[in-house]
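Before I ask anything, here is the structure I am working with.
Chains: A, B, C and D, in written order; residue numbering restarts at 1 for each.
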Amino acid sequence: MIILSYLAVGAVSLALILLSKSHRTMNAFSILHTLSFLAIGLYALLTTVVPTFEAGSEYFYVDHLSIYEVLIAALLFFLASVYANGYVESLMQAHELHRSNLKIFYMASSLLLTTVTLAFLSDNLALFWIFAELTTVFSAALVAILSAKENIDAAFKYIFIASGAMLFSFIGLIFLYTLSGEVLGSGTLNWTVLTANATLLSPKMLAASFVFLFIGFAAKSGIFPFHTWLPDAHSKAPSAVSAILSGVLLNVGMYGILRMYAIVRQTQAEHLVSQFLMGFGLLTVAVAVLNMLLQRNLKMLIAFSSMEHMGIILLGIGVGTPLALFWTLFYVLAHSLTKASLFFSAGILHRQYESNLIQDMRDVLSLQPVAGWGFIIGSFAIIGMPPFPIFSAKLFILLEAFGFSKSLVFAVLLLLVIASAAFARFLIEAFSRSSKDTGTGELETPLLPYRVRKGMKFPILFIIFMILALGVFFPESLENLLNEIVYELGYL
Amino acid sequence: MIFSFLTDPAFLEDIVRILFVFVLITAAFILSTRNIASLLTVYTVQSLLLVLIAVSLYLIEGSQTLLAIAALTLVSKVLLIPIFINLIGEKIKISRDLKFNYMEPTASLVVSIALILLAYVFLSGFFNEVVLGKLFFIGAVIGLSLTLMGMLVIFSRRKMITKVIGYLTMENGVLLFGIFVADLPFIIEILIVIDLMILVLLTTILAIGLDSTREQYHQRLHTLKIWSGRED
Amino acid sequence: MSLLEAFVYGAVIALISGTVLPLLYRSKNARKASFGLSLISSILLLAFAGTVLYTGKEPAFPAFRFLPGLDFILAADRLSAGFILLIAAVVPGVSIYSVEYVEHGKSEAGKDLQATLTNLFILAMLMVVLAGNMVGFLVFWEIMSLSSLLLVLHDCSSEENKKAGFFYFVMTSLSTAFLFMGFISLFRLTGSAEFGQLDYPASILTLPFLCLFTGFGIKAGIVPFHKWLPYAHPAAPSSISALMSGVMLKVAIYGFLRFLLSVSVPELWWGMLILIGGSLSAVLGVIYALKESDIKRLLAYSSIENIGIVLIGIGLYLIFKVEGLEALSHLSLIGACFHAFNHALFKSLLFLCAGSVVHATGTRNIEAYGGLVKRMPHTAVLFLIGSVSIAALPPTNGFVSELILFQAFFDSSALPNPLLKVLLITTLSVFALTSALAAALFVKLFGITFLALPRTKSATEATEVSKLMLFGEAVPAVLCILSGLFSSRILGLLGFDLEIPDMLLIGLILAGACGLVWFAVRTSGTSKSPRISTETWGCGILAQHPTMEYTSAGFSEPLVMIFKKIYRTEISSTRVYADTKESIFKSGTARIHLIKFFEERLYLPAAYAVSFISSQVSRMQNGRLDTYVLYVFIAVLTLMTFTRYFA
Amino acid sequence: MNASFLLFTLLNTGFVLLVSPLFMSLIKKVKAYAQGRKGPSLLQGYFDLHKLMQKEVVYSPNSSEIMRITPYLNLAVLLLATLFVPIVFIPDAPEGIGNIIVFLYLLAIERFFTALCGLDAGSTFGGMGSSRLMSLSAVIEPTMIIAFAALAYVLKTVNFHEMFAITAGSTIPESPTLTLISISLFIIIIVETGRLPVDNPATHLELTMINEAMILEQSGKNLALIELAHAVKQTILMAVLINILAPLGLATELTFTGLVVSCLYFLIKASLLAGVIGLFESSLAKMRLFRLPGFYMMAFFFSALTILMEVFA
């Protein structure tokens, strides 16, 4: 009944947002929406016996992995909508967002949350595919919401590259369907059935269908060379949306790849595929960090770092040992949270300077202490410094990868040095500049601090607190959850 | 019975083969035309051909799904989407001539032949183990190559509208591939089409924005009453 | 929980509260309190380390649940206790000094942050030494680097400091990357994160060894990874330079030793590599220092030299161990550790004094100093003590540790392998050269800074620093002398009874002789000879002027000439002629540019290469949808072919 | 700390103090003869010291305490150093007395403070002198260490007392390699005592000075102390060479006759050595400053050669 409640809540909140007049009510409803999704997720986790089939054993399947992803998604949406209240208001004040688009914004985000949730919960891969497609559409709408030319441009890149690639993964699905038809008599795309009978499937066909599916999912989660839409979309979108894009939507693709890998790893195709994944992971990290190094645009920097982390996650999936999977899952959580905090801080800074460019920033720490320090701490967290969670996740993933190839690990380590150098370069240059001594020499008028609206600081502080807590103390419950997932994916 | 030939499989297979040729012709046309209005009609024709293929397959195989798919495609791709795009196109005048990059029409034609070969080589690597009729195999090849051609259109044409058409072509290719390789559950087909509709809706609306110059853009969006730009 | 653990917990709690306090109550008193707390913690640590080293009983800490399947373990054997002793010896002086020193900062927030980070920095270094497994080690290693980075960047208004901070960060993350590699390979090898005995053939351990040597080498600043030191130290506040140079480098040494000591059967070439690397760092460090005229940069180079000496000791330890000379390897290991300890003392002393001098004169350029002995007498005395002990003059501690190493060298005649002996002789002469050059260096530094006439106005107006700062400097100074005089007794107490001369005796005789001479002179000859004072002899000049004094550059000129192979200079000149035939020379320019070898031949090219690649890669992201779709298209085709033929 | 050592302290130090000025003036005398002059009397050194002791001290107003303590410190250090080089007899000294490394670094103390002295008054010549001194001593250091390491290699000990105990009694050097070492020891004496071709003690031209330049500012008692310290240094270095090369006559245990004999023997041998030094000095011209490292390399070569022979023999 989980799925029904999700659907119901989704529909109701959509309707409420549709009916509501003022911004405050819309925001309130979307917050309610996210909270109730969180609640349902927790409830399902604690009470109902998972894994369980929903709505007939055809289409929906709730296991710990899906609930884990749903919870992450709901949490991020919650933070984003709390943030959005003040943020969207000031967007409208700056005439960047038109009032009559407000409703579209909230409806799209509510629809997005619902579809993402459904995608995570769907057992039938075709169903998952469709929901993933829909998430592309809605999030593209959110990117384009500012309806400035560059936003629409970014939205287009997103739609065409993501959906175009997704069509190939549909071909992959058709492969899979026929393949299963060959061995099971009647074709099926149900993940549960496929994993159960994975050993029967012919590895060659399976590898082929995996590659096709990979194309689409990789495009969704910004893996090289399908990543090209990511930096534009993430940097042009309003920061609240950017946080969701990199915190939630990238996970959708990774989720698909993970599910597929869980099928493939039972066959002889495993070796090939895991090499394939690790190779793409390494490439992605390399391209991402090289793009970061000389980056002069704050949000671009963050976007590329998302890409880099997706590369590492892909690596973790490719390594494919239980421990690696465990830490990869943890990595997903850590990355989503940290990245959200970065985007939120960047949003405040963008309000302050009306620009993301490094040369426009000055007196950051005196004008925006919270955002400034939030960004600094967030960067430390994102480059994998202890005591933040990404550190341990990174450590263990590399530890497992070492078993496959020493040189791979070494390469990744060096690339990560470049990534942190990129962040350091940006921070030192942007944050140390003060309007008293600008390099250019001409007198600059001291900026007035942008009055941060209520609710915009809370998510940043909340996340920083949370990642600190996660970094120093790894809760038992989370450990059990992750172990459950590893078990259910058939790793143990 | 005078329509008895409709049940004769050999004849029907010939029909399907002919339709394949027509599909390829439409694809070639889409690749080579320099005029938007004709593009849309060609796309409509292509969808119609798919409908016919589906129907004749139904006559050969007789599975209800194919008929349903045919109907669905007829409604969505032959009627709704073209009408909608036309509607938009009339509301705002888009400069008629197309712009190309990376590939001139002739070049793209050559490439598309290479694509068909590639698709053939690729599929032959896999479907020798899956027992698939000759006809079906060719269908799969054409579907796959049609998808790739659609992509070719996307990146070799500047105008957004043409990109949309390219995407639709890709989707047609996938559909063709699906029809011939596997008979997916109907519900999935429906969902795909819904997704397609929404996507086209969004992209076309946005496409206006980019294909028109920046000034006209906002007031155009206002005339559409769907989307409001920022006022500055 | 016995008293032993209580000491550590107390110290950690004190440091943590010292870290938090200034952030909570942003006031001068809070800062005072936080430094007071670090002082207290250091006293507790002193007690702890002392007991562990003396009794040899190791504390038993409970394991804290940190990560699934991996607890955070504290452990302290005698090695870590030794380095905790080192920390505890340096911290008091620094924290007393900082109480006043911090107040010279620009902004209130900056001061609070500095107090906080100082405590955090100390805490991190302590925990690195206490960490019982690799993961804990890495965690606090990173925190250590981070806090020191922020301290280096405390004032990043100037381009130079920004550069320094960035450079330091890159180098430190490089070192961490290597440590990751090394520890990961060890982890895979042993299957556990603990620092256990490594009973593996050295061939397996080669990769970990190389990675760890590089990683720790970068952090400890051995040539050719040393370049960050002379940049970071001038940027950092002097109290922090004292900590970084005094303790942080030693923490790197600690990590390296932790690994080496756990290896049961090291290989000979490890030792030779370390020995060569060490002597290279030692001699190059001091030679570069001689050319330097920025006081803190000069001290940084001298740190490189001393780390080199420590590494020489470690290299000897390995070589003797492999060759089976237990006593000698023991001796040289103690020498290395003791020198690390001594360097921590006198280098922190020197950095603190340098801080006072820089504060008093407002410049770091020693050419601008002079005559400070009259204006800041106490600082001068303390600085002299520091210089004497770093120049390894008996009976100070600096001499004792070098003596031990020399002894190890001299006794090496027991080595069977003749070629090895030749290597040792070569390194021995390099080592001797190093220590003599160090003496020259500090004659120059002290003489130019404190003696003769002030060269600039700022030096003329310099005034003595506050009592508290002087007291902070006095602590390490006193420790230098004591640990020199009582060296053999201290080492004996710690259970190392070595056959080294008793410095106390030598010191006593020396003092006695001084007294004797003085007494003899007083009694003999004309008692009460009047003291006449006339100006310095200058070949008949009437009045002496500061510009006639020997400058720092002039002082080191002979050595520069002798080592001109190492100071590579390139001379470029332009000429302008008055006529077309180029026969009448009108004007011209000539400049001599000192090639910073490692920087210009190693670091910058690498940096340029990386940024060039990245600029090329970023050009892929050209912002055009068509291009992007083209990428996807090509990727799809490639993948199709790939799967067709490899699946 | 036993009686014999106390006695040794008194006798050895006293003897060295007593004879040192003699050798200084002896060398002067030899040089004078070599140049065809009559030269000062052999007691001239004592007269000078006495005269200086009577004179008052003149300080530059720029100078600091360094100027005032250095003379005392220097002499004290060298008195301490004399304990390391037994001349009258070999006592059973406490651990560490006689350690050659300590001995070297005691000389380093003297050098360090003399150099500071040179910088103290702020005179150009002083600075120049100390700069040159420190540079040259830095370059000679490897040679000294290698020479002494060679000693340690040959005689298997790092303590002068034990070394001399080994060599004592034999007329000819213990090992042929020792002759090689003594060549480098001779050069070390030349360098350490600032004689030609390294430095010209008799010069009045400031620009060529090294040692003299640093003590230009010293006067009266202080100068006397420094001169004396210098003389003592020369004596003990000579003693080292003598006891290695021609140890004949050095008493190994405390007897009156032994004392007298070894003193006499030492006087003779040292006078000979002084003569040799004088001749050597007057047969050479002063070298250019930057030629000196080459000169040192010769010493380095000999001691390195010794070690190689020891190592491969």
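General remarks:
Keep in mind that, in the parts below, contacts are C-beta pairs under 8 Å (C-beta built on N, C-alpha and C of every residue); 3 or more make two chains touch, one makes a residue touch a chain.
Bear in mind that the values here come from a model prediction, so they are computed numbers and not experimental data.
More contacting C-beta pairs link the chains of C-D than the other of the two pairs A-C and C-D. Chain centres computed from CA atoms place D at the largest separation from chain B. Centre-to-centre, using mean CA coordinates, chain A is 43 Å away from chain C.
Taking each chain's centre as the mean of its C-alpha atoms, chain C lies 36 Å from chain D.
Chain geometry summary: the mean Cα position of chain A and that of chain D are 79 Å apart.
As a whole-number value, the distance joining the C-alpha centres of chain B and chain C reads 70 Å.
Counting only residues that touch two or more partner chains, chain B has 151, 154, 163. Among the residues of chain C, those touching two or more other chains are numbered 625, 627-629, 632, 636, 643.
According to the touch criterion at the top of this document, the contacting chain pairs are A-B, A-C, B-C, C-D. The touching residues of chain B, counted against chain C in their complex, run 101-102, 118, 121-122, 125, 148, 151-152, 154-156, 158, 163. The residues of chain A lying in touch with chain C in their complex are 153, 156-157, 160-161, 164-165, 168, 203-204, 207-208, 211, 214-215, 219, 225-226, 228-229, 231-232, 269, 272, 287, 289-291, 293-295, 326, 380, 385-387, 391-392, 395, 398-399, 402-403, 406, 409-410, 413-414, 416-418, 420-421, 424-425, 428-429, 432, 434, 437, 472-474, 479.
Within the complex, the chain A residues that touch chain B are 95-101, 104, 124, 126-127, 130, 133-134, 137, 140-141, 144, 146-149, 152-153, 155-156, 159-160, 163-164, 167-168, 170-171, 174-175, 177-179, 181-182, 187, 202, 204-205, 208. Across the interface of their complex, chain A is touched by residues 65-68, 135, 138-140, 142-143, 146, 153, 156-157, 162, 165-166, 169-170, 173-174, 177-178, 180-181, 184-185, 187-188, 207, 610-611, 613-615, 617-618, 620-621, 623, 625, 627-629, 631-632, 634-636, 639, 642-643, 646-647 of chain C. Residues 53-66, 72-73, 75-77, 79-80, 83, 94-97, 99, 101-102, 105-106, 108-109, 111-112, 115-116, 118-128, 130-132, 134-146, 148-149, 152-153, 156, 158, 206, 216-217, 220-221, 225, 289-290, 293, 300, 304, 307-308, 310-312 of chain D are the ones that touch chain C when the two sit in their complex.
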